[in-house]
Amino acid sequence: MFSLLQGIKMSVKVAINGYGTVGKRIADAVDQQKDMEIVGVSKRTPTYEAELAAEKGFPFYAASDKYLKAFDEKDIPVEGMFDEMLEVADLIVDATPKGAGYKETFEKAGIKAIWQGGEKHSLTGLSFNSMANYEEAYGADYVRVVSCNTTGLLRTLYPIHVDIGFDKCNAVMIRRSADPWDTKRGPINSIDPVLNIPSHHGPDVQSVVPDIDIQTTAVKVPTTLMHLHSVIVDLKEDVDTDHILKLWEKTPRIKFFEASQGVDSTAKIMEWAKDRGNFRGDLNEIAVWKDGTQVKDGTLYYYQAIHQESDIIPENVDAIRSMMEMEEDKMKSIQLTNAGMSIE
Amino acid sequence: MFSLLQGIKMSVKVAINGYGTVGKRIADAVDQQKDMEIVGVSKRTPTYEAELAAEKGFPFYAASDKYLKAFDEKDIPVEGMFDEMLEVADLIVDATPKGAGYKETFEKAGIKAIWQGGEKHSLTGLSFNSMANYEEAYGADYVRVVSCNTTGLLRTLYPIHVDIGFDKCNAVMIRRSADPWDTKRGPINSIDPVLNIPSHHGPDVQSVVPDIDIQTTAVKVPTTLMHLHSVIVDLKEDVDTDHILKLWEKTPRIKFFEASQGVDSTAKIMEWAKDRGNFRGDLNEIAVWKDGTQVKDGTLYYYQAIHQESDIIPENVDAIRSMMEMEEDKMKSIQLTNAGMSIE
Amino acid sequence: MFSLLQGIKMSVKVAINGYGTVGKRIADAVDQQKDMEIVGVSKRTPTYEAELAAEKGFPFYAASDKYLKAFDEKDIPVEGMFDEMLEVADLIVDATPKGAGYKETFEKAGIKAIWQGGEKHSLTGLSFNSMANYEEAYGADYVRVVSCNTTGLLRTLYPIHVDIGFDKCNAVMIRRSADPWDTKRGPINSIDPVLNIPSHHGPDVQSVVPDIDIQTTAVKVPTTLMHLHSVIVDLKEDVDTDHILKLWEKTPRIKFFEASQGVDSTAKIMEWAKDRGNFRGDLNEIAVWKDGTQVKDGTLYYYQAIHQESDIIPENVDAIRSMMEMEEDKMKSIQLTNAGMSIE
Amino acid sequence: MFSLLQGIKMSVKVAINGYGTVGKRIADAVDQQKDMEIVGVSKRTPTYEAELAAEKGFPFYAASDKYLKAFDEKDIPVEGMFDEMLEVADLIVDATPKGAGYKETFEKAGIKAIWQGGEKHSLTGLSFNSMANYEEAYGADYVRVVSCNTTGLLRTLYPIHVDIGFDKCNAVMIRRSADPWDTKRGPINSIDPVLNIPSHHGPDVQSVVPDIDIQTTAVKVPTTLMHLHSVIVDLKEDVDTDHILKLWEKTPRIKFFEASQGVDSTAKIMEWAKDRGNFRGDLNEIAVWKDGTQVKDGTLYYYQAIHQESDIIPENVDAIRSMMEMEEDKMKSIQLTNAGMSIE
């Protein structure tokens, strides 16, 4: 079943810088792809996440000498130093809080690199979403995968933009304030508006697709599970609700839910993902409520929920494939990525 | 200083049906007005709220015989039965969960009545907001004061509607899920969208001002303090942000906050209200962030926060004054109400 | 009653009544055992949980005619009626909110039954915990598996009771108020004490091991993830902390965590369980903090965290094995159950 | 600078360092006392709290030149510099996060000083609770008022210690994680145990009354309103529950609540305090549930709730009176303080 070439392991060698919420997920997703492999992971402190990664056999590389002792005390083997990891990898995915600082190092090492949405567009000049601009990243050296919220907006808006077009989109982002594991961050009982109007999410969408007209406002609320967007789109054409639903049905990484299934909250979506057996209970797709979608007098209203920890993971995998020129066709890459990650 | 008429106490006699979150606040607000007095309060169970009301000297009337014993056991004096309360009052304010059921009783007793926003518009055919339609309620027998959210929308939108006009308003309501005392209701960690699109809030605004074009969507979030609205208004005229702020400055019951004061969340607004010495820490005004308000290409964006327990209280007092024909001029009634309630 | 083939397969046929938080987990756990199989599941409404169960191939049986239509509309096949399920099963596990009402039906059908800890001890006269009284349930017809909190207390206290003995245990239960999916229940921002002192958890421990001296108090707090117990035990012998830790090390279904791994909260424990790849992110073991355990002047202090949705699941599996006389040795059953469920 | 009349008023001049949660409350409490006055308040940033204090007429003193401009921009008058405030005051109450650093400055200025419970006992060598050791502080120069939790434990335990005595007390502190206004701090959905066993609260009680035998453990939970303690006391004498309740009835600053009044949670206690008209909705007393108190076989079990923002405020006022030798009798000082602060 495997070709000769596959037999001799034409797999792309990927390193991960930062093994937290995003880094650990990208590592697993890459590990699940047939045409990629993890050759190194870098993490400063030997937490339980490092222990579990070591059990999987991911080779750890130390950021500097001073962290070696701590890993040693926890009996987590260290393969080498950070610089050595850059030598064995074809591409590095940065998933650290302040990844921009590594750019010079990566350039010197002559390694391709992906950053996450916390960095600015100007770092790479190329902001990525699989459906919207996979081709643009083909062969590129440096790519930024946009944030979870921007990815969510692009997943549902881009097909409408292409198929029907819209004059203007207003999206209100109701943001979870901390990830489930993050016990330091509040608020415990408050709604905090992002007073900068419009919020940065609109321009971030435009960093991928410049001609989308979008304004966003945002609030933070005391929940950890998912972001939720209330989106209002002035369509160029007065199609019916069904037209939009059908459009999304054929778009990858959009998953429908309905109140009639008992799924009427972000909590129930997360329960569904756990019950389905998704690893870590993740939901890589954007959740859209079928019965919360409606076109009224040419305006489309819908709600979507974003699993902030995981929706960008498949985009990272696709970005690797495009940058490494492993697959020209975006749909084929999406299919491969989804298959590896058990996305429907 | 007092006129002869005031000397002989021309105060309107008000009864309160239901002494919970809203009822207790209306009772206190009426009690603080020079031209009104509380002649009776009806409550089923002798909770701490009844104890505190008895200490204030509000006369309790029993809904039926079966509740008398419980009040007796708590040493809370009962003045008489519910029907007797209707005889001594000029007007009754219903603040029970299901007030519609009392309408027949009130009609038979020949007493004027106010209901709250939980009831349908059709119950009275007259839905009330002080600035928007005070005059309509003049002399009316039955009035419904609209809900906290609708009141909030009308406070800020009505002056724009009159002064500039707008083509369309989209408001996303981020709703607190339970009042601070209400420990039964969740969610604890979830965002629950109101999947009926548009939500009922838009039509409710139109029950007061039919020619306002507004669509609303809503989500529930795990907080108890305030609702928050993200409002987007397509103005008929491209005025600047300052124009809007000046308009609101001269509108009663709108209160500005700014992040530069350290007020960047609903929690901080509530802290301000407590620090100011507001009774119960209430905020009867609608809170608007000056630095969260912006006109961009003819579209107005703003956030407002609604203290769900108390913003409708002054409207109830004004409604009494209009229905009882105590004051023809809405601005004078608003001024009187505000003065009694220590609203700036 | 058993066919030849079934005889060869030697797997016990289990039915599940109620397919919610507990029912769905028991179904999966039974399904993972080599010596058991799910022959039927009964659930009233065709929610997403039913859809996912149908995808797994669990046969649905309808509680009554009136639910058939709803299942039909969702294209979920129904195998038969509830009574028919009782005929094909050897044992039924009740996981409904009010399971006591089914006892007569089960008796008439001549089927063995397990109930959960929400039921009273008197329903079966036999309350179960794998380590404490596996043998008592051997061949029994009706067994009650005690609640998540009681199971947690027994897991850690029973080995101390046997090995060292203790004069008295005081446990304060800090209870999560709702399961993650349960968006109806509060409080959002409150601590609610259980004013009945002592709480019911102490006597419930004694329903399994009568000679344990334990008093418990309890509060409810606004979190969904896990219960946490602060336990204080007056030991009969002044052993050192290490003695206790070694005792627990050899006890099944106790899992140590440490702050030095970065696991200093219930949130981090749940993150660990997700990262480990546990199905649904469950933790069937009781979590004990090694660095939160200390013996001081003959008194043992420790914290333990209980994953309320899943700690009782392996006990249900063991109870089936004991009741069906499949295995006499508790340690062997525990090992089998753990192996099937991927518990370390 | 001071007039003859001020001399006749004999009021003690108090300065406040730090005008946050605690500082602003002490300022108001001192302001309400007939024998004390606020002569200065120092705060770094001109937030809304500064605005409201300025409206009350509290004179602001600037911590350094660099803050003057910001106050000027907000039109908040500044009376002088920090050093000048120390000259006009008899005593300063420190309510800053890191107050220990000021000790040298206060010593040089020759001014008496009070610190809060965040500082170490060794800073003053004298830790204070009104009932337990008022006399010790008589004439003292430097006093530390213990933390909210320690104050709570002393309020209810000290009378038992004196009247009956106890062998040992175990208290489990279920702590609110952030104050209501504090939107930065989490957790949003977690229980975080304090793994150091025993927690610091026990020794802190002993810093006031060394011969009390107490061990404490603590957890943090996602609520903002109040701390709650589950307390277990091995009494020296087997008195009945009523004995304990009567003891507390005659102890100042303990307030009973009962579930039969509808007060079954910290949220309802806070609602009661708001309804009673307490300034800021504070509760200066320790809340004890009458129906959550029980003596069982010589062991006393009770729950108490602590309003972390305000229970220590009257102790600060009493400490001033003792240190300034204004009143020798603790009961008289307590009575004066309570009267000024409208504590029952």
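Chains here go by letter, A, B, C and D, matching the order in which they are written, and residues are numbered from 1 within each.
What we mean here is this: a residue touches a chain if its C-beta (ideal position, glycine included) is under 8 Å from a C-beta of that chain, and two chains touch if they have at least 3 such contacts.
Computed from a predicted structure; not experimentally measured.
> What is the chain whose Cα centroid lies farthest from the Cα centroid of chain A?
D
> Considering B-D alongside C-D, which chain pair is linked by more C-beta pairs in contact?
Answer by contact count: C-D.
> Centroid from C-alpha atoms only, then distance chain B to chain D, rounded to Å. What do you get?
So the centre of chain B lies 36 Å away from the centre of chain D.
> So, what's the distance in Å between the C-alpha centres of chain D and chain A?
Computed from C-alpha means, the inter-chain centre distance equals 48 Å.
> Can you check how far apart chain C and chain D are, centre to centre, with Cα atoms defining each centre and the answer in Å?
Taking the average C-alpha coordinate of chain C and of chain D, the gap between them is 44 Å.
> Do you know which chain B residues sit against two or more other chains?
Residue numbers touching two or more other chains: 180, 182-183, 187-190, 192, 222-224, 264-265, 267-268.
> Contact residues on chain A for chain C in the complex?
24, 45, 47-49, 51-52, 74, 180-183, 188-189, 224, 257, 261-265, 267-268, 270-272, 274-277, 279-281
> Sort out for me which residues of chain A touch chain B in the complex.
Going through chain A, the ones touching chain B are 170, 172, 174, 176, 187, 189-193, 195, 197-198, 215, 217, 219, 221-226, 228, 230, 232, 259, 264-268, 289, 291-294, 296, 299, 301, 303, 305.
> Name, in rising order, each residue of chain B that touches chain C in their complex.
Chain B residues touching chain C: 177-178, 180, 182-190, 192, 222-224.
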